[in-house]
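We just call them A, B, C and D in the order they show up, numbering each chain from 1.
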Amino acid sequence: MGELERVPVGIVGASGYGGVQLVRLLQDHPHLELTYVAGNSTVGQEFSELYPYLSNIVHQKIEAYDVDVIADRCRIVFLALPNGLAYKMAPELLARGCKVLDLSADYRFTDLATYKTWYGMERTDGEINEQAVYGLPELYRDQIAESNLIGCPGCYPTASLLALAPLLKQGLVVPETAIIDAKSGTSGGGRHAKVNMLLAEADNAIAPYGVARHRHTPEIEQVCSDLAGREVLVQFTPHLVPMVRGILATVYATLRDPGLVREDLLTIYGAFYRNRPWVKLLPAGTYPQTKWACGTNLCYISIEVDPRTDRVIVMSVIDNLLKGQAGQAIQCVNIMMGWEETLGLPKLAFYP
Amino acid sequence: MGELERVPVGIVGASGYGGVQLVRLLQDHPHLELTYVAGNSTVGQEFSELYPYLSNIVHQKIEAYDVDVIADRCRIVFLALPNGLAYKMAPELLARGCKVLDLSADYRFTDLATYKTWYGMERTDGEINEQAVYGLPELYRDQIAESNLIGCPGCYPTASLLALAPLLKQGLVVPETAIIDAKSGTSGGGRHAKVNMLLAEADNAIAPYGVARHRHTPEIEQVCSDLAGREVLVQFTPHLVPMVRGILATVYATLRDPGLVREDLLTIYGAFYRNRPWVKLLPAGTYPQTKWACGTNLCYISIEVDPRTDRVIVMSVIDNLLKGQAGQAIQCVNIMMGWEETLGLPKLAFYP
Amino acid sequence: MGELERVPVGIVGASGYGGVQLVRLLQDHPHLELTYVAGNSTVGQEFSELYPYLSNIVHQKIEAYDVDVIADRCRIVFLALPNGLAYKMAPELLARGCKVLDLSADYRFTDLATYKTWYGMERTDGEINEQAVYGLPELYRDQIAESNLIGCPGCYPTASLLALAPLLKQGLVVPETAIIDAKSGTSGGGRHAKVNMLLAEADNAIAPYGVARHRHTPEIEQVCSDLAGREVLVQFTPHLVPMVRGILATVYATLRDPGLVREDLLTIYGAFYRNRPWVKLLPAGTYPQTKWACGTNLCYISIEVDPRTDRVIVMSVIDNLLKGQAGQAIQCVNIMMGWEETLGLPKLAFYP
Amino acid sequence: MGELERVPVGIVGASGYGGVQLVRLLQDHPHLELTYVAGNSTVGQEFSELYPYLSNIVHQKIEAYDVDVIADRCRIVFLALPNGLAYKMAPELLARGCKVLDLSADYRFTDLATYKTWYGMERTDGEINEQAVYGLPELYRDQIAESNLIGCPGCYPTASLLALAPLLKQGLVVPETAIIDAKSGTSGGGRHAKVNMLLAEADNAIAPYGVARHRHTPEIEQVCSDLAGREVLVQFTPHLVPMVRGILATVYATLRDPGLVREDLLTIYGAFYRNRPWVKLLPAGTYPQTKWACGTNLCYISIEVDPRTDRVIVMSVIDNLLKGQAGQAIQCVNIMMGWEETLGLPKLAFYP
């Protein structure tokens, strides 16, 4: 595919952190071209007015949402909006032949009753919803390749599920013992002016939030249940860490076979993720820092077994805005278009 | 004065960082007692609902502003409000016999035309304004002692003026060469939900703001002019640093007498601040970190002379919310009441 | 007790963070007076040369360790040394009539075989070791009151045990389900020049370490076993957070009686800690930030029950250098001397 | 040039932050290939043992320094060593036909007496030193293109000189009024275990250091003098900021012609940097954050004029390890090899 044939791409709702990641990633993608950005309160502004570091670099006006314009100008559309909006837009975009990737929670649930319970909105679009595929390529690559509607995973579920999947898939742990203690940088809260996200409030401190009731719980449980072949409930606790980007999930579970040692699990994980270029398994005894993954689409995973307690402890780190959001969406596009999964995505962090 | 005779104190506008510092400081003051807190949108709440770390520790309801109630219950009133409100309240509080300390900019200017130029509001209360004293005790202790109306200094002016005062007072530098490059933690922006103050935006970065037009400039110039005995303009540039508290002012000025050495200036500063318990002069060659002052009412000052350029460089650090705001206000109260200047104020940081 | 009768106190090994906290705390204690500081490579220096923010404030020379001098000048001695030194010094100090508080791990274990397993050193001082009391006053106040030798707890065990104790003591949880996911600021690593503790390395990131083998594990287990009345193993995972001070322990355990609700547990914890002034139980639904406790000797505790999983999640925060180390040591001294437990210790943080 | 003809590159001293940036940058460069890494105490290790995030990604053994091996395997050699070593190695590497880029201070000074004054080492290699070009491409591109020996600039000089150059070159300011107040992340201190660079020490604080005597001063002055056509002394003050990467230089100077306004200067800077792809001039009124440049080879510049004081204030930000060090070295290589100046270098940050 030559320069002249880049696939035109639109973003609806580009003012937030998810949106700016997409804009940024598209600068480097050899086969995609940003041709449309829709906003709401920012219509008419240059995108670089929202992010001045892009002045004289990104030249893109923010337009009002217009489905005909999009259909005319884009083959692929990213929806980066608050929950509850995408499911009203996606059907008309699909009908006009666009491929749709939704970064909100709207298309993450196979059972809309679960969506209603946790997100509060009544949905009657079961038919369209059934077409949606959960956009975690390490688990659902084949389905993604054949779908036009992707429900992109949440940041916490991405980190948590990549850590847990081999254990559940292979039946190595007792599913209900799974505890996910997750830690995130504050960019996960989005570009919204909230007092508790001020540097003055959130710096010099770590704190839990949403204990026993965070909305990413049912999303994790849906995939865990799928992997385990039966309904699974997990314990999930998020924490706010004084850093901008990055998620660490520390996952605990009790081994069914207490005879398993760390090296066994490294072998199993190695096989499970063999053709998954974005998952990097760390050498025994090496634990990851979140910033190893920051600025990339990578997920680093480390495994430890505690023979005293018969538990496995899996640690995974990702960049919450890339592998946890916009990068993974581009990864899905690569798969949907039949390109290399790694195309145009950042592959290695700068350290420190 | 016994326990039973504590002086009753009120705070109008206690929901911000200045307010919570006052509430916190009053917990430890042996002669003051918080008896009244007025709010606006928070009326009816427990103060600890705004700052949950005070739950079961501080028991104080937030009331609506009522001048009769205040006059009845308080002898001293702190006004911790946005600019432009205090000058409407202070006259009626003074008329009822309260001592008033205003933490906003309303009473910092002897010339109300300057206030109008920089803050935009027309004022016709020149008579009351003339009673106000600029609450920087290291320079105006005697006037503070005799006043009932204190315009408490801004955080940047406090750090800047303590660094500059001896130089200007003794005529050691060319006043118009004074450049103040100041760096502040983000709590100086207050407890307001603003995007640019989010941890995600302000962390991992330093940035200038308000270059050549920050409102603390005329306040610094007013006192510099007073010290120099003629009108002085200064260059003042603030920066936002990824930390919660603290201000560092790095001040440059050209020496009139290039023969002066560092030790000369240390002697002069030592004499100037001899009876000023909150100013700590550092040994030659030791430069301060902002956090040395954090959690205290101290100002650490360090002096360097560059014989190559004939300049003096003075570095001063304070806690922007204590010596730069609420602590200094309590210091003024101590002076107004004839108590020890250091009474009930935190004297030494915990390090690191 | 008047000013003239302050109890003289010595510190052996004051150059680290534990030492400087003790020095700082002693500035404010009404009944204790620092009369002696022993160092090693720093002998002959002023203490303030190590911590320049104390220049012209703390005047104390660092001396060589000399047991006769200590016995002559001190009634109470804090040992703030690397592991494996205190057990060689304490006997001779006790023999000369000093009360000894050891901040290292040397006197934390009732079973010296455990010490050998985890710390590697052979010990033959079982008799003296038997006199040692584990210095966690919320659990062992009476024993501390009657002892002359205190093994001060580690920072992680303090936070972990205050979170777990009521559950184990009352038999409310299945002990072997206890998982402690702990997060600490980097000051816990001490004032040692280590590459992984550089700001450049540790900032902008969170990372686990010592997974399934951190030395604080057996210390936590010893007390848990004591509380549960039988041997208990726990899962303990520490993490390094990009902040200076503070520990958060997020503790998970499965309830024996799934009918228990959050309010039940709040009542039980309230009763358990009724006369424990340094433990603050938070209102239902309020979770603590580490910095609420920083600069104080407080421990804030929050409790959540997940009825979906039958687990209790307890969150506790402390200042790792105060309640987790030096502050708790002073708290023990207060108890040993028959004073108020809160005497001379910082009671409330400055926020933010 | 095809894949098979990549130019082989070696790094001597790759364990530090400069080294790891080079290794990382070379992963993405289409025409360069890392073929050799020399170390000292790390000989025999895998490079990824030093930086575990590169495990299974970078496969490169660390070898002992051997000039014959280098000459055999490399056409370009980066020296990333402490000051005082490169000038002993470069001559023999040049003699064997290698192009040499030195990241230390050894080849930055045209006058070796200046080197001696500030770095303390006696040098007798004036002849070789005369061949060295100061590797700041925005000022010395033509000379770099023709040289085989580059003295790569320090991080502070890069930020400072890009801010000052147009002013001095065009004679717009009084040179001796130039004051550079610079702020750096702590990675500038290198990967050395130093107590003052610990997160516990450097976080939550900003502090000046090296006031009036930092070694980057003469380097800045040499280029300023070159630009001004006469000897210039500048005031330079560095500060340590609690962040990992990034430098902000806030530069003050008095305008010769007080009639100049901001827009005039924007025009002049625009012309000066027209064909300099790594310098981005910001729109009027927009001031840069350091992190806009982080992870890239960019320098963002903003200009303000204060008509009250007749001063210009120029603010520039760079990534201290890329444009301030390793990225700029690759930029020099691109020029030396006749390639596009931007080849293979990171062009745009991820925000936030």
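Everything that follows uses one rule, which is that a residue touches a chain if its C-beta (ideal position, glycine included) is under 8 Å from a C-beta of that chain, and two chains touch if they have at least 3 such contacts.
From a predicted model like this one, the values you see are computed outputs, not experimental measurements.
Among the remaining chains, B is positioned farthest from chain A, on the basis of C-alpha centroids. The chain pair with more C-beta contacts between its two chains, of B-C and A-C, is A-C. Here the CA centre of chain B is 36 Å from the CA centre of chain C. Chain C and chain D have CA centres that are 46 Å apart.
With each centre defined as the average position of its C-alpha atoms, the distance from chain A to chain C rounds to 40 Å.
Chain C has residues 17, 187, 200-201, 203-204, 242-245, 288-289, 292, 352 in contact with two or more other chains. The touching residues of chain D, counted against chain B in their complex, run 176, 179, 181, 183, 200-201, 203-209, 211-212, 233-235, 237, 239, 241-246, 248, 250, 252, 287-292, 294, 302, 304-306, 308-309, 311, 313, 315, 352. Interface residues of chain D, counted against chain A in their complex, comprise 17, 20-21, 24, 27-28, 51-57, 187, 203-204, 244-245, 280-283, 286, 288-289, 292, 295, 300, 321-322, 346-352. By the touch criterion given at the top, residues 17, 185-187, 189, 191-195, 197-204, 242-244 of chain A touch chain B in their complex.
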